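Okay, handing you the structure first.
Letters A, B, C and D mark the chains as written, and numbering starts fresh at 1 in each.
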Amino acid sequence: MRVSVIGGGSVDDETAKVAEAVGRELAEAGHELVCGGLGGVMEAACRGAAGAGGRTIGILPGRDRGAANPHVEVPIATGLGDARNALVVLNGDAAIAVNGGPGTLSEIGLALVYGRPVAGLDTHDVDGVEAVGTPAEAVAYVESEVGTGSH
Amino acid sequence: MRVSVIGGGSVDDETAKVAEAVGRELAEAGHELVCGGLGGVMEAACRGAAGAGGRTIGILPGRDRGAANPHVEVPIATGLGDARNALVVLNGDAAIAVNGGPGTLSEIGLALVYGRPVAGLDTHDVDGVEAVGTPAEAVAYVESEVGTGSH
Amino acid sequence: MRVSVIGGGSVDDETAKVAEAVGRELAEAGHELVCGGLGGVMEAACRGAAGAGGRTIGILPGRDRGAANPHVEVPIATGLGDARNALVVLNGDAAIAVNGGPGTLSEIGLALVYGRPVAGLDTHDVDGVEAVGTPAEAVAYVESEVGTGSH
Amino acid sequence: MRVSVIGGGSVDDETAKVAEAVGRELAEAGHELVCGGLGGVMEAACRGAAGAGGRTIGILPGRDRGAANPHVEVPIATGLGDARNALVVLNGDAAIAVNGGPGTLSEIGLALVYGRPVAGLDTHDVDGVEAVGTPAEAVAYVESEVGTGSH
């Protein structure tokens, strides 16, 4: 399956390690990763996924796909600004949120609007988001909600 | 100024009364109202604003501007689906949230991304949202944050 | 009805006069005008319409609704860049093209995709666009195709 | 580099053969293909590219990435309707148009707005579009305009 990883664009080392582990776990389980393509949680998750041989898709707010972080395999430019947040969560079968501010909150809201299961690691406390303690639990949660096959 | 009113698309009578009062207070203070153009909080707020002679703008998810509620004076069709939530809050100088589910949550997040002050009436408990008790307090809060002139 | 006026963002005096007349004729016939909200044909058409008491709506590419030309009564910011061209023609019941370059060409294409009648004044020669000689003929054409009532 | 292939969503066998050859030539030259992800020219071009081992990206109008044709390797759902046409051409360094109706015309216009070189095979006669006679000439033209390296 394909999983959206959402979170802050600028994060501390601890949060980056968590995001990187989320990316690695997703790739090792055979899942694609889609994110907003920029820095912070997005970059760390892509680094983890790419390092484990997984595909990474970055859906960017701007018009220049060269703005993607270096671990994005398939950059998609939108030119839509923050309206692209809708596309980030629409393109996953589920979402994993790691930390994050109001942009992440908007993506959580949109993921729930689209009916996507959402696992949360140290993120906003929102009805409908499953708070989990580790990257492995986050992946296990979204797999159990969507079904484990790659699709 | 122009204020985004956001909230659930299907609400109970009590919440509708609150939303209607928000619309009326905004219009009486000389402000324009922008919303998502559909039912529930959007329709009640438009009814209140239109009844007090205020302008109402509805930014719709679909392609048919005829889908707007009858109290929308200027319907704008987008065909963007839920990505239109970004436009709803971008087009206000501030936002007032009334109740609401995940769609409203996404709008709160986007309003904060855009740096808009947000007042909340019985809505999500989010850092950066000013929880207020009455429609008049909501209008007073956004006026104080943006400046009281119509602009 | 509501009519999209599309055309170049920077035009010579002759073309501006034509666009202004289109705006004036639309307003005098009781129609709303929607356009991209910026300069050139958009500004001239809005000036004509506003001068005749008609409503003008400007759907802007950027995030700042203050970027609208001064004759736009209802500015709508999108932050979508050139993707907003779709919204400009979606929000009219018909379109009138005046001169214009590739942006106008994209709007003509999208208007036809949406099934809108398009009248053209000195613009691209495209199948499905009715070439007319005067602003009055342009307005008459779109009225005859859509029906003359304000709707 | 990455090249947008644009054209009709439902085409005759002759046009499909041309589109398939465009896709094959692009892939054999090491380029990625991006298109609107649906049928007709889009599907034929993806078939040609995928058959030659090239990457194919489909940027879809709807919300369901399962609507992509079977030769799309990386489907991207947008939910933006026809406004997604802007993303199709924004995501290529150049465009090749094959036949096509008003949707293709809108993409040609947007490609030119974005400053993309456009080669045309039996398509709209538009200033700025280089009319070519064969798929190989189309690929050679966009390579010469953008530079031949994969980037």
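The definition used in the following text is that a contact is a pair of C-beta atoms (placed from the backbone, for glycine too) under 8 Å apart; a residue touches a chain by one contact, two chains touch by 3 or more.
As the structure is a prediction and not an experimental result, all values here were calculated from the model.
**Student:** If each step moves to a chain the current one touches, what is the fewest number of steps from chain A to chain D?
**Tutor:** The fewest touching-chain steps linking chain A to chain D number 1.
**Student:** Please work out which of B-C and A-C is bridged by more C-beta pairs in contact, and write that pair.
**Tutor:** Looking at B-C and A-C side by side, B-C shows more C-beta contacts.
**Student:** Could you tell me the distance, in whole angstrom, between the mean C-alpha positions of chain A and chain C?
**Tutor:** 41
**Student:** Cα centroid separation between chain B and chain C, in whole Å?
**Tutor:** Chain centroid spacing, chain B to chain C, equals 28 Å.
**Student:** Hunt down the residues of chain B that sit against at least two other chains at once, touch-wise.
**Tutor:** Correct list: 63, 79-83, 86-87, 114.
**Student:** How about chain B: which of its residues touch chain C in the complex?
**Tutor:** Within the complex, chain B touches chain C at residues 55, 57, 59, 63, 65, 74, 76-79, 86-87, 90-91, 114.
**Student:** For the complex, give me every residue of chain C touching chain A.
**Tutor:** 63, 79-83
**Student:** Touching residues of chain B toward chain A in the complex: what are they?
**Tutor:** Residue positions touching the partner: 80-83, 85-87, 101-114, 124, 126, 128.
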